[in-house]
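Chain nomenclature is as follows: A, B, C and D, assigned in order of appearance, with residue numbering initiated at 1 for each chain independently.
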Amino acid sequence: MLIVMHHSATAAQIDRVEKSVRAMGLRPEPIPGSLRTAIGVLGNQGYVDDSTIRDLPGVREVIHVSKPYKLVSRDFHPQATIVKVGAVDIGDNCPPVIMAGPCSIENEEQMRAAAVGVKAAGAHLLRGGAFKPRTGPHSFQGLGIEGLKLLRQAGDSVGMPVITEVMRIEQLDAVCANADMLQIGARNMQNFDLLKEVGKLRHPVLLKRGMSATIEEFLAAAEYIVAEGNDQVVLCERGIRTFERATRNTLDLSVATLVRELSHLPIIVDPSHATGVRSLVPVMSKAALVAGAHGLMIEVHPDPATALCDGAQSLTIEGFTELMEQLRSLSAVL
Amino acid sequence: MLIVMHHSATAAQIDRVEKSVRAMGLRPEPIPGSLRTAIGVLGNQGYVDDSTIRDLPGVREVIHVSKPYKLVSRDFHPQATIVKVGAVDIGDNCPPVIMAGPCSIENEEQMRAAAVGVKAAGAHLLRGGAFKPRTGPHSFQGLGIEGLKLLRQAGDSVGMPVITEVMRIEQLDAVCANADMLQIGARNMQNFDLLKEVGKLRHPVLLKRGMSATIEEFLAAAEYIVAEGNDQVVLCERGIRTFERATRNTLDLSVATLVRELSHLPIIVDPSHATGVRSLVPVMSKAALVAGAHGLMIEVHPDPATALCDGAQSLTIEGFTELMEQLRSLSAVL
Amino acid sequence: MLIVMHHSATAAQIDRVEKSVRAMGLRPEPIPGSLRTAIGVLGNQGYVDDSTIRDLPGVREVIHVSKPYKLVSRDFHPQATIVKVGAVDIGDNCPPVIMAGPCSIENEEQMRAAAVGVKAAGAHLLRGGAFKPRTGPHSFQGLGIEGLKLLRQAGDSVGMPVITEVMRIEQLDAVCANADMLQIGARNMQNFDLLKEVGKLRHPVLLKRGMSATIEEFLAAAEYIVAEGNDQVVLCERGIRTFERATRNTLDLSVATLVRELSHLPIIVDPSHATGVRSLVPVMSKAALVAGAHGLMIEVHPDPATALCDGAQSLTIEGFTELMEQLRSLSAVL
Amino acid sequence: MLIVMHHSATAAQIDRVEKSVRAMGLRPEPIPGSLRTAIGVLGNQGYVDDSTIRDLPGVREVIHVSKPYKLVSRDFHPQATIVKVGAVDIGDNCPPVIMAGPCSIENEEQMRAAAVGVKAAGAHLLRGGAFKPRTGPHSFQGLGIEGLKLLRQAGDSVGMPVITEVMRIEQLDAVCANADMLQIGARNMQNFDLLKEVGKLRHPVLLKRGMSATIEEFLAAAEYIVAEGNDQVVLCERGIRTFERATRNTLDLSVATLVRELSHLPIIVDPSHATGVRSLVPVMSKAALVAGAHGLMIEVHPDPATALCDGAQSLTIEGFTELMEQLRSLSAVL
């Protein structure tokens, strides 16, 4: 932590800041400059709360050097984490993992068609939502427990592990009983109680980036899960909210590369939610792999025109099959 | 809903869109223009999911006219809602309601000092957090149930109703037993399961705007609570996330006025979280009342320099007392 | 400047960074910490370009302590600047200055009606645009030089100084000949050549904040003008671009208070462009004065329904007159 | 244009709106719905200013269907535009065009080394800045006219066309005399006077997206140039400003694909400014080509550690040469 004093800060003010730092069990190191004094803070083992310093007289600014995460940091843990979902490995030096399926689980026939289709195309995990976070209460909210069973059944029928979103702690038992991987959605990225509970499990977790979360906050959210003992966490970039509304969100593809530098956890990309536009999904899928993503999550529906949710961003089975062929060609080059 | 066709859309494409609209039980009304055709959609009683239309051939854009909320809309329910918390009324034509207290409940002495101080200064509700959402897991997470009791006790000792944040469904019983008003934090604005459960209660609720929520999403979140039967909802603007980081968030004060036009629910402003800077809190408090806010939520701590959370944005008792005097002068003029 | 090294940075890497700092004529001050080393940089007289440091091996982050402005900073020049436009003073301890008039100058009659109306209501400066920055080329682009004359004439007829926007350097002579104050619009806030030329003049300048400019960039833009010798600069907050589109922009009112702390230049607020909604203008005008703005710029049109530009955010003469009365009551209290 | 009335709008209010539409020479088409009435506006040949409608009593919202651009729209001009710079073609079905060189022109030796290096690696255009837009006035501002000559000389010596930024109208003659392609920087995207003057020339132009410009505004800015008669415009995505500051900007890669759908103009990507981080440039370059960009603009410096500007985001000659090899392999697959 670096404490920057005002140009006109007095010696007494500097002295008081130094005292406060010492009161926190840390060591102040004044750095007198030509324009002003700054005070380095030494001895901390991680992120320090600056509340008691920031508003002392003469303090202009407090600059943090430590990050609010450490366990998930590549700086401290250089070795890559490989997340295992059934027989599928996700992470550095593993082939890209493709998770595919409909936004919502609607009925047995739809799930079976989706499962057969994405499996034949080469997908590794089957996705489908049983509990759906919808902006307004008057939209379809998902099939719930019944949906979980249809997902499990569809996955088993083709021999694929399945992933589904969990929205509340009470659903954890049911979701764990039926899914091989849990998904925490963007709206719950800072639902810290849910993160802690998931951290106590040994199920692999997909953590989506919140729509206005910085990379730092994203990694700090993952830290909540890992701090409880569960290091089987895959991060997922799914677009952030910006002023641009021509796409549903703005896909922040640099984050895939950057997270690989900052963290040892794998990161995948969801181009379906990021763009919200079907015609953009294939190109952005390819771009994501080029950018270093360890995998993709793609919405696929046997009949998008009748989908109860997000049809306009879902690929057809045919479209997905074609994309998978392109991704294989691309992977061969990368 | 208005469906805008491409300049070059064919008659067959237009025809197919009309058929799809009819299949949804709605009525298409083509509007041939000089440059392109648009198709109005009539007969819907609310927001319509556009998934099955948006990606038909020849469709350029789908524009929504209905909003994803209706129960909370002033357009449909012109009469203002007055929310009652104990003897305190919040809403149109009521005096501004001031909620004040520390960010976190720390101990009995701190809460007693805060309660006595803010009561003497004229505050109406006592606030304090027992469950704290913190960016990283290594920060102070709140006292939990023990904190709730300290809050209740402090409120009772000075005869003030109390408000506190609830972060998960399992906490609802304990929070309802100890608090007169529930707070849903910004990070949980779209924790739809929590919203639904709170909607089944008869406790008044303070719903904070998510840090990247549009006004439309904010009102749609309130709709979740009201749709379950609980109309005792107060909205709270607490700053949004923008590119500007000189303040903790960007206080969107226009929203107070705008929400009064769009909704019959009361709205208050939290200048402490919105700015994150103590010196900005008093001016923004006054500006918020001028902008039409029905009240304020202000962080006050007996000794901000030792606060476990958000000390730098907390007012002292003295600062708060002075502000309350200014607010009274200001209210007299408004 | 503080250079933060990677946890695993070697002694040789730290050594190389120190050498590079010395090569810049500055002094490195290593601060060994428990987790990593940081290197303070001393001796700079202002903002230092970090390009040659930021990508040396072992460097994790470079943190700037100095700002890219100094002349406009309150820290170095505590005394408030008073900007003089004719007999009108703008700045600390001056009564709030109100600039009012139509978005575009349309014709003689419109300008005369506007001038008479806003003068009678108590405005201090008459505004009107002769050169108009419009998003698309097919919208009305302003009357140009002819408009400038109409503005001058209207101002003279009621004895008011006038302000108008300048969009290119070649217009400076004509604008200076006809206007008492120059306005640099939001889209030109970083048109650095224009800023420099305006800095060579002795005309007072109103500099609007760019729609995605940070406060730091805003003040650095003002620094361009002051660095050339012209310190008669008034800043103007006019809303920033965020994800929220229910209002035209998001009025960042905290900036008025914050700029008063950071700079000695006066700051005013333009609630018309900030909100884009007529019904929000009066409340936001009052809120801006409460927030510490030194004045307001308000769009007023004798007949908004026929305005060639921004009619929907313009007040009528009657609306403006009523607002001015409210502002006077408010100022009496402040 | 669609005018949405309030739920409670009266017949008289609807009637008045219809009259106003007719007064604009357009045709109103009422669409009575179950909840409210909307009024379609027919007969317009392009974007209509909504000022005179938006604030009539009973109007809730005005929704635009037409865009503020038409000449650059793919909808009206399906045929792709090929931009020619010397012997280089940019656009659909052309090989990706690579523009490379230093951020700033510093001296003859630097430019010669850069030219020789990027030419040998396979670049098509040489870039270099003579006029530099810098946030603060105390940073290096470019060599000006002298720099232009060094750029021309370096390009000629290796037989490459050159591109450089123009910041003000007075520089146009000198820049046209020395450069084969003009660049309009992000800060000048809405410097409409500059756009118009450039539109009168027959020089090809690279137009960079403003840092908070929507795609619609971006295309409307291009429309300014094309409307004056110059259709030799290449668009350039260079990152947008968002809340995320871990990268210099957020690269909005979806825009490359989307612009190809919306416009017939070519679009390239500048990964150097978009990310601001050297290690991200190669991956984002590859991702951009995969996303459909017609080319790239990449900062390359013979010795980044001594660069006067943006060294930390510049590739070395070696790094660029390696990237070009990768791009060739990638292009072979695409």
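In this section, a residue touches a chain if its C-beta (ideal position, glycine included) is under 8 Å from a C-beta of that chain, and two chains touch if they have at least 3 such contacts.
Keep in mind the model is a prediction, meaning the values are calculated, not measured.
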- What's the chain with its C-alpha centre farthest out from subunit C? A
- Task: Sort out for me whether C-D or B-C is joined by the greater number of C-beta contact pairs.
- Result: C-D
- Taking each chain's centre as the mean of its CA atoms, how far is subunit C from subunit D in angstrom? 25
- Task: Measure off the straight-line distance from the CA centroid of subunit B to the CA centroid of subunit C, and report it in whole Å.
- Result: 31
- For subunit D, residue numbers touching 2 or more other chains are 46, 212, 241-243, 245
- Message: Give the list of subunit B residues in touch with subunit C in this complex.
- Response: 212, 214-216, 240, 242-247, 250-255, 257-258, 261, 274-275, 277, 279-280, 283-284, 286-288, 290-292, 329-330, 333
- Spell out the residues on subunit B that touch subunit D in their complex, using ranges where they run on. 2, 4, 6-8, 29, 31-36, 38, 40, 42-46, 60-61, 63, 65-66, 75-76, 78, 212, 241-243, 245
- Item | Of subunit C, residues touching subunit D in the complex | 20, 46-47, 49-52, 54-56, 68-70, 131, 133-141, 167-170, 187-188, 190-194, 196, 211-212, 217, 220, 223-224, 227, 241, 278, 304-312
